[in-house]
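Structure first, then comments.
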């Protein structure tokens, strides 16, 4: 009975007795969720337009952040470095399209998936050669990102909102909004959505497939820069950061591989879900459950909706 | 066709180590260094690897090696990956290494059983298996100057000192934030024993490898539990994240103490001023203000023979840690030369040298490293020393050594080591009995 | 050049009866109150304009879709839902309009796969692939070779089906269905996309199957000439409703049928 | 060119369905086995045996295991590392509880445990497909990894939290533990891999293999010919995990001689998946090629600068290795998406039709 | 003359003998249901006996004629023997014969029973049955599609065997009775009637006795040391004397195994699987194979092509010498050895020729280039000259005495002489009994003292003593100026070019020689692909100017070589055209053995011939063709004509014998 109490009653008692902690957990979950969603968004963009399950999204985050900080270290002013980083991501997108996607056009999705592994290896090696393996400190203040925290007293304690987290939520929301507008309202965006349905349709809009690939990879690169800056500011910029990208996978399948709203909602569910789970139930199992909890949540949803929450229903035609 | 490819591959694989082996058949002390400058833990690995290699290279450049015999420094990149570490071991073991620095607890664990068979002494300085401090059962493994248990015990002593005595610990809550891997869990048994003895509550906060940079929920737990002290046994990117998160929840920084592997400059730097007051145990001094380190700069760094990114990285805490590893290796070899009277010593000789290793304060001074570390004295039975450790504190930009040294609680640690070593041997049926003779000097 | 004694219609009792079956997908009615039967030994054609619900009908029969209302009696056993696996077990085999071959496998393996239900040798024998497991393989291989011989596809026995031309793939698919030794064979447009010669070959195979193995066949076909030549009786569907059910000759003259086909680009050309 | 197929005719189905119907292939196989069992032990030193051959064979076995699932049955799994771990920990527990039973038996038996775990995590595969399933298997990977760290019983409460491999002998010769020579371990690993490869080839060439491939190629049609999808998929999960489990047990007991849970991390899953795909989905030979390329190639690359006497720092070599392997993966995929086995097949076909191009 | 053991003087007797002596050895194989189904001699005896007794039950009697129609399947070979065991006479008919042709043969032979392969043949027989009043039961091998047929007349092969087996099982005396029937057969009895599709007129039924066949087979086996270990593949028409002797009689005499391919399309693969040791093929087969080789090599990579060319050159230089066991320098021998490993061995392996000990070509002249090529790569290819009327063998080349342009020496027990007009005559124990129901024709061909006119013109080469055939005797004509013209000789020279499939040379009674050429679609198609020549049909390709250029070049070369031959110099081709359609046996343009029927062709293409001699540069033609399904249609085309420049005759004096 004790164990049942601990599972089913105690956590909720805790929530009631220490609402500040609940609010804090939810907030932290929200922030994590938004950042997961941001990485997942990079995946979705590419998957939707080119059918590539881009495993390299994680290393792109690291690569973007490293480029930014590395340039700054060489004396390039912060915002110039940011601009140059955007340029580097554009070059990367073009390179990926030319050297990786073109030779692999029409291959099965698992092959493309594997190719992005090759890209990951390449970027890990190249990144280390260029920038070295040492961790770097994100130039948050040079980019006018706030530091410090806002604390609210009350609720039986206090709730502390890191300014960088607030900034992260705002920036992520803005990016998601911009991307949504871009894909819903612009010609290129419509073409991109058309690509998801049929490549012929895209051609009729007057944009070549190659261009679209470059655009989505570039967009994913920009998303990677944002993720890199925000996540780097939360800890440090190092190659270990790519592990974070694995977190985007459950988010992705939970939301549905092709859905932008799915990525956002999935990110929030996973972010908040895992933080709540770890915080209230994790100690029962000795902690550290966060790592698989996200996947189990995703798995649970998938069993009932195999295509994810927002994925297109898989209709089996015969 | 397939055969042809296979043969070609085999040729390269078989020929490569052989070629290298012949290259160093000439006189020289073969010292392979398992270092890593790549992978997720590169942040911690780079400075240590640099210090380690640079000191030995300095000896070659300045003294022509040790006792006139050049040191053949052979770095093998492990990427902190056990698999590659074992690969490194296999590739060097045919070349008669005199001492091996695995520089990874995981790799050390793999090598412990092999060392006795291959007759290679393993120096796992302040890492590896705590139980291997027992020289009777682990004649080939050396982990001076302290085990993780000494570290944890020293931390408890420090906490007790601050609180005003061991009796003040009663009723306190002490947290252990650790990497959820063998390395991170190492102090748990000792802390549990001490918790029982001193009456404090131990809370464990494991950080899975994949969550290193995503510790928010864990620190919320900390905030809920409100521990009085936190001992941090982290590695790589886990450390800066933990320190930042600690600052975020407003945990008092002077109550956060890291093990010596959580004391890299790169660990504290990202948090910057917020980390002010964070302290870390240390086993070596910080800074480049030592003649030997100046020699490194002169003979190695300035000559462009070092891998350091810039000169100011020389003298960082972890760089000096690497230097200390190198000093212990070099001095073990020197001792072996003295013991045997041979210049070209073997692994077996160096094992004896390690057991007779004795670096006094004067000895450190003679090495041009006065006050660099406490005296190191090993024996056949004690491969560790369980020496007093220093404490350094982050002042917002760099580490400041705190006055005094902290003695580990030896009477608690030693019996635990004894029983752990016996457990290890019991679990590994057929563990060889020590047959190696003990030198008189030790 | 067929023998003068034309194929006599041997109609046995009903093998399968469809009673008042209706099927809807999210408000779109695919089938409305359809009833007909298939008798043992006959070739039954299901025809109708595009979107008439023909394929849906086959999908209901072999269990892909459970009908919303109505029931299906197969071999005297009434049912409303059934998994495709159970249908296979009951003796219903099927080919598809757009081919559903195992593209990565050879012709031989595809047809061998059709014998999945007949092979029982256990996992542990399979591990060593000797003794009983091998004997079983050989025994079924012999049966499969008969089908290969029957369908004249010996030359492509060991070719991956994905590399075969369309017409041959269709033949392999028929082979796979035949390997199941079905009581009822459902053919969904077996001649779609074929040229005249291939159509003639396929027609011959269908007739031969029916004749030689006594297999009851239900087929959907667009080519009216083929339908008229092959089938004993014809069901005509239009917008999911049955509009006629008679012999080919009667259907040809049926007013409803003609009307239903008028909108179609391809009229009846028998 | 080497092939002379004239006069090789089959008078029985058993001969026609043999796995190596061509005489020259049988000779080649015999030659390879001869090299593996006789020549390599004679010429091989520790580095070749311990660093190249043993891991190569173990990875091959894991790759075969994953290939049965992903290549033959079409179910993408990223839980290989976890399943390998189950085998390793099961083997440790078995040999701890029953120390006197031959370790080779336990190595094989440990596969049964991973098979059971595999079946458990394979259950969702009935509904979940493709990348969704891959991510779902990650749940297994991370959960198992967590178990390995968090359940001390699994590692016999050892202080280090790692598996410590005890000494076990076979007819008086040490097989596991530090005193086991690499030659002994090599021969045992080789024997197990050879036998299990043979068994795998039996499976895939028979009824079960066809069932799996049918499910892979078109599951709806497979169900229609009377294949029970869930049963086929779970069997694939079971057999695949069995192979991975045995590979995991061998990895720890016959290669590392001790391991932390980290060995069975997600990287391992990716590595094995690489081998399968680069080697060729749905071919057993491909698993050998894949393991060779992905595992041995970096070793060779790392040794090249030293062998040539180039003054390149080991860490730079490592980074370059990453770059080169990354590029090679993309190049290989572009050249031959069906994997090295396909290239091998094409090469073989070329030899068969020599001197003609087709 | 020859003596023949009376105990083994018929094939059924040989069968019983073989079943007793080598009963466990394979007698016949058939690739069926994916594997090589094998029957040993004793198993085959059982099958034949069962069928034979079954036929007896169906009422087949001694002296009856029965038809065998179908491909190379064991059961049809068995049927031949089964009927012979009863003393009945098999009449094999070409399986691809159209109903019309078949009706004539069956009616002429007065067959009372037919053993046919499948529904296709049954349908043909049913279609013509009203013209075959004597025909009784029709036995079919393949039941496919015949279920609903009227079985009053049809009966399945296995049902006949079942009848026989039942009878054999039920009646102990039956076996003895059957054996007695076999024993009653005599070597001098009529064993078979083979209808030859002559170049003109109706087919004639050549009657051969057992002795004819067996002596020929025995001599042939002895000539090439053929024993029971040979493997041969049966793929030529059953109704052709070559296949009959080769796949049936010689096998029974020597005790070797005959292999029936799975389908006619898989002969090459099947031959490769079996690894035949003794082969017999018309030149066309060797020619096609060589063409295929060259076409494929043209698609090979540069390195492979270079390698191939190099070693083929080596082979051309030394190969034949090595094959003839002449003295060859060690270096050349080593080089040839490498070539054998890299090129010749694999090449022969691909075509299933690796194990061939002796390969024959016959029926027509083979291009010397083709012939030498195969010999150079180590294939022991030899020529023989034979006729149905001779039970095949007239002359053959003994090992070591091979020449591309001759057909060898008379085989054992054969005498050959050349008539005044150049016609070749022979006399041998294999000489036929006569044409069935046609004593006039028989008398025309066979002289009272036993010499048979071959109808071919030829001479004995003075150097080698080998016979050389130049043309049909009646086709050898003269131009208006009296120049000798052997059209076939010219045609063959043309046909040796892989691009030319068929050629028709005309000119007898005219002023000069003209040629009509058929291109080879495979070779020219491949050439077109490599040279970016676009075409949509055979007709378009044939009429393409660049194709004309190419053919013109070939003809130019032929002219030059004719000019060098003195006697033939006047027969140089002045004008030519490329035919718009392939000459086809279905249209009667070729014989069933794929020989051209020159007279028919000149008649059929009269407008073209007129144009050739009329000086026009184009000509229109419309021809009726028969499609595969039997219905007829017309093809109309405008065909271009080109002029050629003749070379001046060289003074080289050709030795002409006879």
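Per-chain residue numbering starts at 1, and chain names A, B, C, D and E are given in the order in which the chains are listed.
Basically, contacts are C-beta pairs under 8 Å (C-beta built on N, C-alpha and C of every residue); 3 or more make two chains touch, one makes a residue touch a chain.
Since the model is a prediction, treat every value here as computed from it, not as a measurement.
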- Any chains in contact with both subunit A and subunit B? D
- Which chains lie in contact with each of subunit B and subunit E? D
- Query: Using CA atom means as chain centres, which chain is nearest the centre of all the protein shown?
  - Reply: D
- Pair of chains joined by more contacts [C-beta pairs], C-D or C-E: C-D
- Which one of the chains is farthest from subunit C, going by Cα centres? B
- Farthest chain from subunit D by C-alpha centroid distance is chain E
- Item | subunit C-subunit D separation of Cα centroids, rounded to whole Å | 42
- CA centroids of subunit B and subunit C: separation to the nearest Å works out as 73
- Item | Between subunit D and subunit A, distance of the C-alpha-averaged centres to the nearest whole Å | 32
- Note on the structure: Chain-centre distance (mean CA atoms) for subunit B and subunit D, in whole Å, is 35
- Query: Which subunit D residues reach two or more other chains?
  - Reply: 12-13, 16, 142, 145-146, 149-150, 220-221, 266, 315, 319, 322
- Query: Residues of subunit B touching 2+ other chains?
  - Reply: 37-38, 180, 206, 208-210
- By residue number and range, which residues of subunit C touch two or more other chains? 64, 96, 100, 141-142
- Note on the structure: The residues of subunit C that touch subunit D in their complex are 62, 64, 83-85, 87-89, 93-94, 96, 100-105, 109, 112-114, 116-117, 119, 121, 123, 126-129, 133-134, 136-138, 141-142, 176, 179-180
- Message: With touch defined as at the start, can you tell me which subunit D residues reach subunit B in the complex?
- Response: 28, 31-32, 35, 43-48, 50-52, 55, 99, 142, 145-146, 149-150, 156, 158-162, 164-167, 174, 177-179, 255-263, 265-266, 292, 296, 299-300, 302-304, 306-307, 309, 313-315, 317-319, 322, 344, 347-348, 351
- In their shared complex, at which residues does subunit D touch subunit A? 76, 124, 127-132, 135-136, 138-139, 142-143, 145-146, 149-150, 220-221, 266, 270, 273-274, 277-278, 281, 315-316, 319-330, 333-334, 337
- Residue ranges of subunit B touching subunit D (in the complex, touch as defined): 1-3, 6, 9-10, 12-17, 19-20, 23, 35-38, 49, 75-77, 79, 82-83, 86-87, 90-91, 93-94, 105-106, 109-110, 112-114, 116-117, 129-131, 180-182, 185-186, 189, 206, 208-210, 307, 420, 423-424, 427-432
- subunit E partner, complex, touching residues on subunit C are 1-8, 108, 141-142, 145-146, 148-150, 154-155, 157, 204, 207-208, 211-212
